[in-house]
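Listed after this line are the structures, all set down as structure tokens.
Shared between the two complexes below is chain A, which has chain B as its partner in the first and chain C in the second.
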Partner chain A sequence: MKRAGSAVLALVLAGLAALMAWIVTRPVQPGRDVPAHIAGSIGDSGVSHPVTAVLLNFRGYDTLLELVVLLVALAGVRCLAPLPPPRGGAPVGGVLSELASLLLPVLVLVALYLLWAGASRPGGAFQGGALLAAAGILALLAGRDRFLWRFEHRLWPLASLGVGVFLIVAAGTLGGSGVLLGLPPGHAGTLILVIEGFALFSIAVTLVALFLGTGELEDREP
Partner chain B sequence: MAALNLLPLAPDLFLVVALLFTAWRALYTRALFPAVVFFVAFGMLLALAWMRLEAPDVALAETAIGAGLTGALLMAAVARLRGRDEERP
Partner chain C sequence: MTGQALYAVVGCALFCLGFHALVVAAHPLRRLLAVNVMGSSVFLVLVAGSAPGDPLPQALVITGIVVAVAATALGLNLLLRLSVPAADGESGGGESGNGRQPS
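After this line comes the complex of A and B, so read on.
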């Protein structure tokens, strides 16, 4: 029975591989040269890095929905259990503590740099937010979890700040130019930085909350 | 002569083999902790592959989220599972 299942799986995988090989070898449809299209209108986007221009300006709607997906994931975890309370005890000693005190400022600085660099080279809110979240997780592991007191009761406002600011900008552009997220070329750079700044913070808060996860899940088991 | 032409491809081929190996080990290692370590190694190698494909943005995201944060989440899950296994022999 198990062997039959493996055979079916192998057949499906072989079919999938054949399909992918067929798709890869197909000639690209001429006519829509996307990179040239982007390069032609990048002057209006407010940033000089094409990936950021696509993610935050030309296809800003997708990025907005990505942030919503993160929020929904957090809601799913929070439905299972409340945040575990901070232990609040003395910091863990030894190598971990030393490493945390060395790395935490650097991580925060690099996260903010990634946000700023996103305008002209690879970087951006998601990468920076993930790095900031890594700083938070490192602080948690090293026993410096007193910052949890501060966002325990304000988790939802903090986690939804990014989506909120994004939606306010979207509403503003809808009222101003009649196009949802049609950022005005003159202010696009500033608006993108504002959106990304709040998104970075919310992404970091969400990811740390996801890591904290379900502290009391085990206690509820029968 | 054929071997000479393959020389520039060697790092990429090594990357492909290493990716397949780490993916296989991450899926089929019985102990969970080494499996997570293989998963993180897979993520870092995948980031290198993205760099070779000239997609540094995706490489950054893969390193930070795919290898780093997902690795941390999986480690936490392993620690929790381990505690449960000891309670229930």
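After this line comes the complex of A and C, so read on.
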């Protein structure tokens, strides 16, 4: 009975996959040529890379709420009762420790470069934030996490900095031009860089805190 | 079939494979991984199924990846919480590492 059930399930799913494959290979007939539309108005966006223009300007509302989702996930994790600190594991070796001290400045530098490069080529706050978070996690794993301690007690202000700055800009544009997140073309580039800079930092702090989970930094044996 | 269409078809197959694992797997970690595979397949379909060079799906996928990471972290923490006995001495899932017995 169970075998028959899983065979039916596999058949149904194979049929579903075939149907979906047929649908996604149909020629696309857009009502409006979105890439051309974006390319036409990219001059007003303040950046020259179309993905960044969509993320931070044309669909900034999406990105703002997406940063809120990150905060909600962090709130969900921090609401859980604390777990006992992980036990066992090999002690940190000298190679990992030295490698981390070599790599950490490079990672921070590349993250900031990605933020800056986002204006004209692939890059931006999310890529840079992920890299900065990777640097933080590497520091945790290599036991070079002393500098993270000072973040621990200000976790919520630091993690919500990105959303806060984004909201201030949104309120400013609402008051100035009457359009929520309608960035004025003259200052759009600067505003995007400011939003992205704070968002990068908050994304990194949030991801490192998510990696730590319910545990406090003090609980962890380096 | 162009290379881009092939990626979209692979995305469809991955989605159904992930869904199969979600239905069949008993261990919560496997289910979480299955949902992750399904999410990644949606990103693949979204990028490969759109017109070449369309920045809109790419922007959606970039934000989606970060949200997926955050949701996975929340799910993993919930799983850990399930598997570890509560701090006040109440015995929870025990040492088996999973909160629910595989059926």
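One rule holds for everything that comes next: the second predicted complex is superposed on the first by the 193 of 222 C-alpha atoms of A that agree within 3 Å, B and C clash if a C-alpha of one lies under 4 Å from a C-alpha of the other, contacts with A are read in each partner's own complex, and residues count from 1 in each chain.
Keep this in mind: a residue touches a chain if its C-beta (ideal position, glycine included) is under 8 Å from a C-beta of that chain, and two chains touch if they have at least 3 such contacts.
Remember, it's a predicted structure, so these values are computed and weren't measured experimentally.
A.B. asks: One more residue to check, A:131. First (chain B), second (chain C), both or neither?
C.D. replies: first
A.B. asks: Once the structures are superposed on A, label A:123 by its partner contacts, choosing first (chain B), second (chain C), both or neither.
C.D. replies: Touch partner of A:123: chain B, not chain C.
A.B. asks: Of chain B and chain C, which one contacts the greater number of residues in chain A?
C.D. replies: C
A.B. asks: In the overlaid three-chain picture, which partner chain does A:107 touch, first (chain B) or second (chain C), both, or neither?
C.D. replies: neither
A.B. asks: If you stack the two complexes on chain A, which partner ends up touching A:210: first (chain B), second (chain C), both, or neither?
C.D. replies: both
A.B. asks: Based on the superposed arrangement, let me know which partner A:51 touches: chain B (first), chain C (second), both, or neither?
C.D. replies: A:51 sits against chain B and chain C alike.
A.B. asks: If we overlay the two complexes on their shared chain A, which of chain B and chain C does A:74 touch? Say first, second, both or neither.
C.D. replies: Touch status of A:74: second partner only.
A.B. asks: A:59 in the overlay: touching chain B, chain C, both, or neither? Say first, second, both or neither.
C.D. replies: A:59 contacts chain C only, not chain B.
A.B. asks: Please write out, lowest number first, the residues of chain A touched by both chain B and chain C across the two complexes.
C.D. replies: 51, 124, 126-127, 130, 207, 210-211, 213.
A.B. asks: Which chain C residues qualify as touching chain A in the complex?
C.D. replies: On the chain C side, the touching residues are 1, 5, 8-9, 11-13, 15-17, 19-20, 23-24, 45, 48-51, 53-56, 58-60, 62-63, 65-67, 69-71, 73-74, 76-78, 80-81, 84, 86-87.
A.B. asks: How about chain B: which of its residues touch chain A in the complex?
C.D. replies: My answer: residues 56-57, 59-61, 64-65, 68-69, 72-73, 76, 80, 83-84.
A.B. asks: State the interface residues of chain A toward chain C in the complex, per the touch definition above.
C.D. replies: Against chain C, chain A makes touches at 6, 9-10, 13-14, 16-17, 20-21, 24-25, 28, 30, 34-35, 38, 50-51, 53-55, 59, 62-63, 66, 69-70, 73-74, 76-77, 80-84, 124, 126-127, 129-130, 203, 206-207, 210-211, 213-214.
A.B. asks: Any idea which chain A residues touch chain B in the complex?
C.D. replies: Touching chain B: residues 51, 114, 122-124, 126-127, 130-131, 133-134, 137, 207, 210-211, 213, 218 of chain A.
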